[in-house]
Amino acid sequence: MAFAQGGRGYDRAITVFSPDGKLFQVQYAQEAVKRGYTALGAKTKSGVILAAERRTTSELVEDGSVEKIFKIDRHIGAAASGLIADARVLIDRARVEAQVNRLRYDELISVESLAKAIGDIKQMYTQHGGVRPFGTRFLIGGVGERGPHLFETDPSGVVAAYKAHAIGGGAEEATEVLEKDYREDMNTEELVNLALKALNKVIDGDLEAKKVEMAKAEAEKQEFIKLSPEEISEAIENWKPESSEE
Amino acid sequence: MAFAQGGRGYDRAITVFSPDGKLFQVQYAQEAVKRGYTALGAKTKSGVILAAERRTTSELVEDGSVEKIFKIDRHIGAAASGLIADARVLIDRARVEAQVNRLRYDELISVESLAKAIGDIKQMYTQHGGVRPFGTRFLIGGVGERGPHLFETDPSGVVAAYKAHAIGGGAEEATEVLEKDYREDMNTEELVNLALKALNKVIDGDLEAKKVEMAKAEAEKQEFIKLSPEEISEAIENWKPESSEE
Amino acid sequence: MAFAQGGRGYDRAITVFSPDGKLFQVQYAQEAVKRGYTALGAKTKSGVILAAERRTTSELVEDGSVEKIFKIDRHIGAAASGLIADARVLIDRARVEAQVNRLRYDELISVESLAKAIGDIKQMYTQHGGVRPFGTRFLIGGVGERGPHLFETDPSGVVAAYKAHAIGGGAEEATEVLEKDYREDMNTEELVNLALKALNKVIDGDLEAKKVEMAKAEAEKQEFIKLSPEEISEAIENWKPESSEE
Amino acid sequence: MAFAQGGRGYDRAITVFSPDGKLFQVQYAQEAVKRGYTALGAKTKSGVILAAERRTTSELVEDGSVEKIFKIDRHIGAAASGLIADARVLIDRARVEAQVNRLRYDELISVESLAKAIGDIKQMYTQHGGVRPFGTRFLIGGVGERGPHLFETDPSGVVAAYKAHAIGGGAEEATEVLEKDYREDMNTEELVNLALKALNKVIDGDLEAKKVEMAKAEAEKQEFIKLSPEEISEAIENWKPESSEE
Amino acid sequence: MAFAQGGRGYDRAITVFSPDGKLFQVQYAQEAVKRGYTALGAKTKSGVILAAERRTTSELVEDGSVEKIFKIDRHIGAAASGLIADARVLIDRARVEAQVNRLRYDELISVESLAKAIGDIKQMYTQHGGVRPFGTRFLIGGVGERGPHLFETDPSGVVAAYKAHAIGGGAEEATEVLEKDYREDMNTEELVNLALKALNKVIDGDLEAKKVEMAKAEAEKQEFIKLSPEEISEAIENWKPESSEE
Amino acid sequence: MAFAQGGRGYDRAITVFSPDGKLFQVQYAQEAVKRGYTALGAKTKSGVILAAERRTTSELVEDGSVEKIFKIDRHIGAAASGLIADARVLIDRARVEAQVNRLRYDELISVESLAKAIGDIKQMYTQHGGVRPFGTRFLIGGVGERGPHLFETDPSGVVAAYKAHAIGGGAEEATEVLEKDYREDMNTEELVNLALKALNKVIDGDLEAKKVEMAKAEAEKQEFIKLSPEEISEAIENWKPESSEE
Amino acid sequence: MAFAQGGRGYDRAITVFSPDGKLFQVQYAQEAVKRGYTALGAKTKSGVILAAERRTTSELVEDGSVEKIFKIDRHIGAAASGLIADARVLIDRARVEAQVNRLRYDELISVESLAKAIGDIKQMYTQHGGVRPFGTRFLIGGVGERGPHLFETDPSGVVAAYKAHAIGGGAEEATEVLEKDYREDMNTEELVNLALKALNKVIDGDLEAKKVEMAKAEAEKQEFIKLSPEEISEAIENWKPESSEE
């Protein structure tokens, strides 16, 4: 098969360039993300919201097990898609980075600094031998001195700022909703509804609290808070009427 | 053969991504677990129970030799499936981790912290060169301040919390029993019976004490205790009537 | 296919020579740059200007996200083309280099010294094992004691000084404009117009502020300043009449 | 040939997993043990006995040369099968381990602790790059505070406790004897006879002192003692009448 | 093709010997030099002269950008051919070497010592793993206590002294001129003319100052001086009458 | 060819196991020994004798050049067969080992300790990456507190004690003589004669002093002494009558 | 072709054994020596002489450039054949070795010690990973307390003492002369004539001073002296009459 043949030489060893200037191992790591569950985020001046699809293969899995949204510091968190164990390891490094910033400068790390720190770690794993790239993509959301921010980092280490963005297996469908419905004047509640609507396109069956993970950081409070299952249930209830209007 | 061909390029060297974003060496390590004996666990508010299949190929093997369930700290233990030597090495690290926690914070390590520490070690062995992943899966059970917990770690480093879960060669059959019979209001004795019933599906021939390894940690006592052969015998005796009711 | 065959032996391992004395990995890294967006620069005695194409694939990307032009020190900056994450990492090293120079010699680093420092790092990544070359090309512009300077560094580590130069995917078309219209007596405003005209050849559709990143350093002020979207808009407005004259 | 083909990819490099979750290098190391001479051990409450087949290819080899049974500490020793040089190196490490235990805790190392220490070293050589697994299997016998013990370690690092066990080329035939004749109430003398009977199945020609290496540790004396050729001769003499009874 | 086949095995890995005792990677590095621009040098008792071809692909390249002749210390310099970035890195090391000599012995480094130091670095890169050879050849010229000297170092690390020598793409044609016209009694001016005549054979179109880089070190002054474009222009003017005589 | 095919996969990389549990690189190193000249040794209570075949390819080689028998300490020496340079390096290590023993314990190293030290070094070179096994076999002879000893170490690190033994290309023929004629009551002179007779089977043409290297250590004197050519001549003279008796 | 096929597997990686116990990389390094120019040496009680063929490809090469005979210490020197840069690096190490000996023992290093030190370095490069063997052979000559000595070291690290010996491309022809004409009672002058006669067999065209490098160390003076071109010319003149006698 032509593709398998072409790729054969370049992916065995450490991350190297292919003749057309691509890094195969990085592209394969991107595939690992595409196999992951969907996560998305959105931000306005009012706040930033992160949401992630949760699939429980069994009734016996604990609620809240295998989280996809992580709190990093008081004002900042991240949603991950791709290899879960890779994500957890990077989140730990991000937490250290945030604490170091507190100790060193006696202030909270900015969302951008944190996103770049994670991007730098990821880049290093695409250039040096004896390691593979991280198979995970992050949406990093938080509130800093200049208000709410939403950043994405991909396996190659690219860092970009978004108003709203989706990653993972259902990124395409979720993005369609975000592009159509996002408005810069949305308040936090509306952002939550936007997130639910986008997730609803991706999730199998009815939207239920147990299929959703969610967090928000409001501009005023500067605090990153994971929503409880009850709060998510309530949000879904609140959203449904709106939803049914369509 | 198509599969052998496709996999050929990606598994020779250090753990790298295949074009579709998989880590072959990690998947092969998962196979090593599937070849292992069955282990399972279950928890409710009353406590947590771990059980493992024991196959003695010879009468000359000492009872209790080659244990699959390990005590890690006073309140916590683990059942392993897969490569036994890999498991023993990781258990040693877990014990150190638990002791360090006692020294550093003057308190017992939480079940979740310990599970994540093991997951982090496993993840590292899937990303760095010159090593192979651990060919073992753990069920980690214990009682902390917030009650009993049951976690699983797999060779990729994923950590998940379960109410009841089975790993190893007979995971599928054992899980069927767990899914059908598990109730959140079971007391410790009922958990033991549940475990025996699930193991009974997997074990060749009659269920006997010498074919079973078992441990429990009751919510009240906060102590992880391995059951003696006598206690297991007694439990089997107690369970059988119940069993025969079906 | 002949090419694929020929290259097969030399690109798998660490950067080595091919029989005709080429370094394949370096050439493949050059391809990565050709796949990047266009950036350009120009300098006269009056100052130095850097400009880069910005393509926003979605309305939801934040303005100013994923910058291609970076400030390095008060008097110096760089435009990058190629792998963005590689560029960010090198820019960080350049900033450290500039600060070290301030501390050590109590003076600003010269544009040439900085360009050579970056070139040296890049060269090292083409000669030593266990790493791949950087997939990025820089235009480094700034004002030193001997006036404005513009340097380019490529993935092999070559450093060259230019009056005006373009890199990235549209380098060829942009260079045509630069070669035809550049004059050594241009003032900063004329340089801005020259840059806009060259970018206009490369950018899809109408030239708009959101498609352009720009920075300038005037000889007198010795300060590297990124233009705000408003300033770029204004520059485009100012340029258009001139442009329409043609 | 199918097998050779299948194995080709996985055994060249460092110890890695094959698609079905096996570690080829470890399995090949197990083959090295099967090519080795037979060794066996047995223990009851009275004591523990180790015995090994000795084949002298030439009259010119010194008696007692190339020993297969090694004293490790006052109360503990081991019989090895497989690569002799690998065994000697591990025995040296075991001796250090035993001495360190004396210094650190002012008491003799337990047989189990020592067996696990050796197992841990062996496991490490199956997981890290740049080394091959040890091609040797040990029977470790000794007397501790809780009486006599017999452990086995294999090239993968698995540690198991046995009442009686045989390793090496003739393991199968020797085990048949052990399984048939072993009784938990045997005294040391009877254990010696059991060992001789098992070895007799394996050894070419008549059982003679020069074809046998032997050691014992009696529960009372807590001392591991290698039998002299004279003692072995005498033991063979004593055993023969019993033997002829059959 | 036979050659490509034959070479296939030996050039992938680290620099190793081929069956006929050649070091392929070193030979390929020599090819890199042959692809470089021409450089040449000549010396008599009066002084030493270095000259190099300069090709400006664009009017927009700064004069004096990408230099091929480097000053190393007050009395010594070098002309390079081959990979420019490799050359720059080695020149930096040579400058350090020269300064260390001043500090350690309080005297200028001899031309021979410096040439051997560079040769030693180059040799090391042909014998140790994880690096590739330097793809550059140097002509090192300077004036020491025993008068002017001219040395060459090649990618294998060979160091040789010459009266006159040419390297790079046009080495053959340039050498013809040197061999025919060089005389040991030439003064510095005549050496300049010799260099111009040799370069003229290699350079496309008319000989112009912008196509030539040049440096000289006169025996009396013991100072290595790069000629300014004006001085080169003047030299070309002076040479042309002489040239037209032929 | 079947063998070449089978071996192809296992000998390229570091010393690894073949599917049947062999270490190919070690076996190939054994071949290097078989290509070497013959060496032999013999010991009784009276003393120990070492002898080696010397082949002078040219009259111009110095007598005593390229020695095969080395003095290690006052009471101990070794004869080597295989790669001469490997042997010399190991002998140097053995000398250091012997001196360290003197310093540390204020007594001469025992022959057995020294043989095991060399065996340990050899073993390490068969298990760790980045090195090849030693291509040499030693006969180590000396006199300690418990009288004369003769040990052999092979490339795998195996150490064995012998009464008499031969290594190298003519080992088989020489061993035939040793097995037939060796008696445990031989005095040193008879041992010399035995060695000469064995070497005579191996050496081309007549036995002459220049074809023989020899050393002895008598039990009484505890001193390892290399015989001079004159002493060897004399020994040959003395032996010949005896020889002719046969 | 069978040989090329067979050798293919063994020469790519680090120096390893082939199935018949050869070290391919070492043998290929020997080929590098055979491609080198001829060097030879001879010694008697009167002194030791070294001579080497010098081929000047161009009139423009400096006399005495690229030397093949190196002074190492006051009383000792070496002639090299093979890769010149490898030789220079080893000679530097030899000089350090000689100086260290002076400092440590306050006496001149013996010729044998120096030869063995070089042999040890060479051996190390044949056994450890990440390096290739040295592609050079040395004749080391000098005068010590026990008179003149001549040693050879080859790429494998073998060290041998000779009365007279030739290495490099013309070793065979030169050796023929040495074997035929060498006498142990030659004085230094006769040794010079012998060397010239042997070189004459190897050198193209007439024997001239510029084609010969030569050095001698007389027993009385204990000083290693390189002959000047004038002295070599004179020696050739003196030799020719004798030569014509034949």
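Per-chain numbering from 1; labels A, B, C, D, E, F and G assigned in written order.
Quick note on the criterion: a contact is a pair of C-beta atoms (placed from the backbone, for glycine too) under 8 Å apart; a residue touches a chain by one contact, two chains touch by 3 or more.
Molecules present, by chain and UniProt name: A, B, C, D, E, F, G = Proteasome subunit alpha.
Keep in mind the model is a prediction, meaning the values are calculated, not measured.
K.L.:
If you take the chains that touch subunit C and keep only those that also touch subunit G, what is left?
P.N.:
Shared contacts of subunit C and subunit G: E.
K.L.:
What's the rotation angle, in degrees and to the nearest 5, for a C-alpha fit of subunit C onto subunit F?
P.N.:
Between subunit C and subunit F the superposing rotation measures out at 155 degrees.
K.L.:
Indicate the whole-number Å distance between the mean C-alpha point of subunit A and the mean C-alpha point of subunit D.
P.N.:
Here subunit A and subunit D have centroids separated by 55 Å.
K.L.:
Roughly how far is subunit E from subunit G, going centre to centre by Cα mean, in whole Å?
P.N.:
Using C-alpha averages as centres, the distance is 31 Å.
K.L.:
On subunit A, where are the residues touching two or more other chains?
P.N.:
12-14, 129-130
K.L.:
Name the graph shape formed by the protein chains and their touching pairs; answer line, ring, star, complete or other.
P.N.:
It is a ring, because the chains touch in a row that closes back on itself.
K.L.:
Going round the ring from subunit F toward subunit G, what is the chain order?
P.N.:
Order of chains in the ring, subunit F then subunit G onward: F, G, E, C, A, B, D.
K.L.:
Note which residues of subunit F are touching subunit G in the complex, please.
P.N.:
Its residues touching subunit G are 3-4, 7-8, 11-14, 24-25, 28-35, 58-62, 64-66, 83-86, 88-89, 92, 125, 129-135.
K.L.:
Using the touch definition from the top, list the residues of subunit E that touch subunit G in their complex.
P.N.:
6, 9-10, 12-23, 116, 119-120, 122-124, 126-130, 150, 156-165, 175, 178-179, 182
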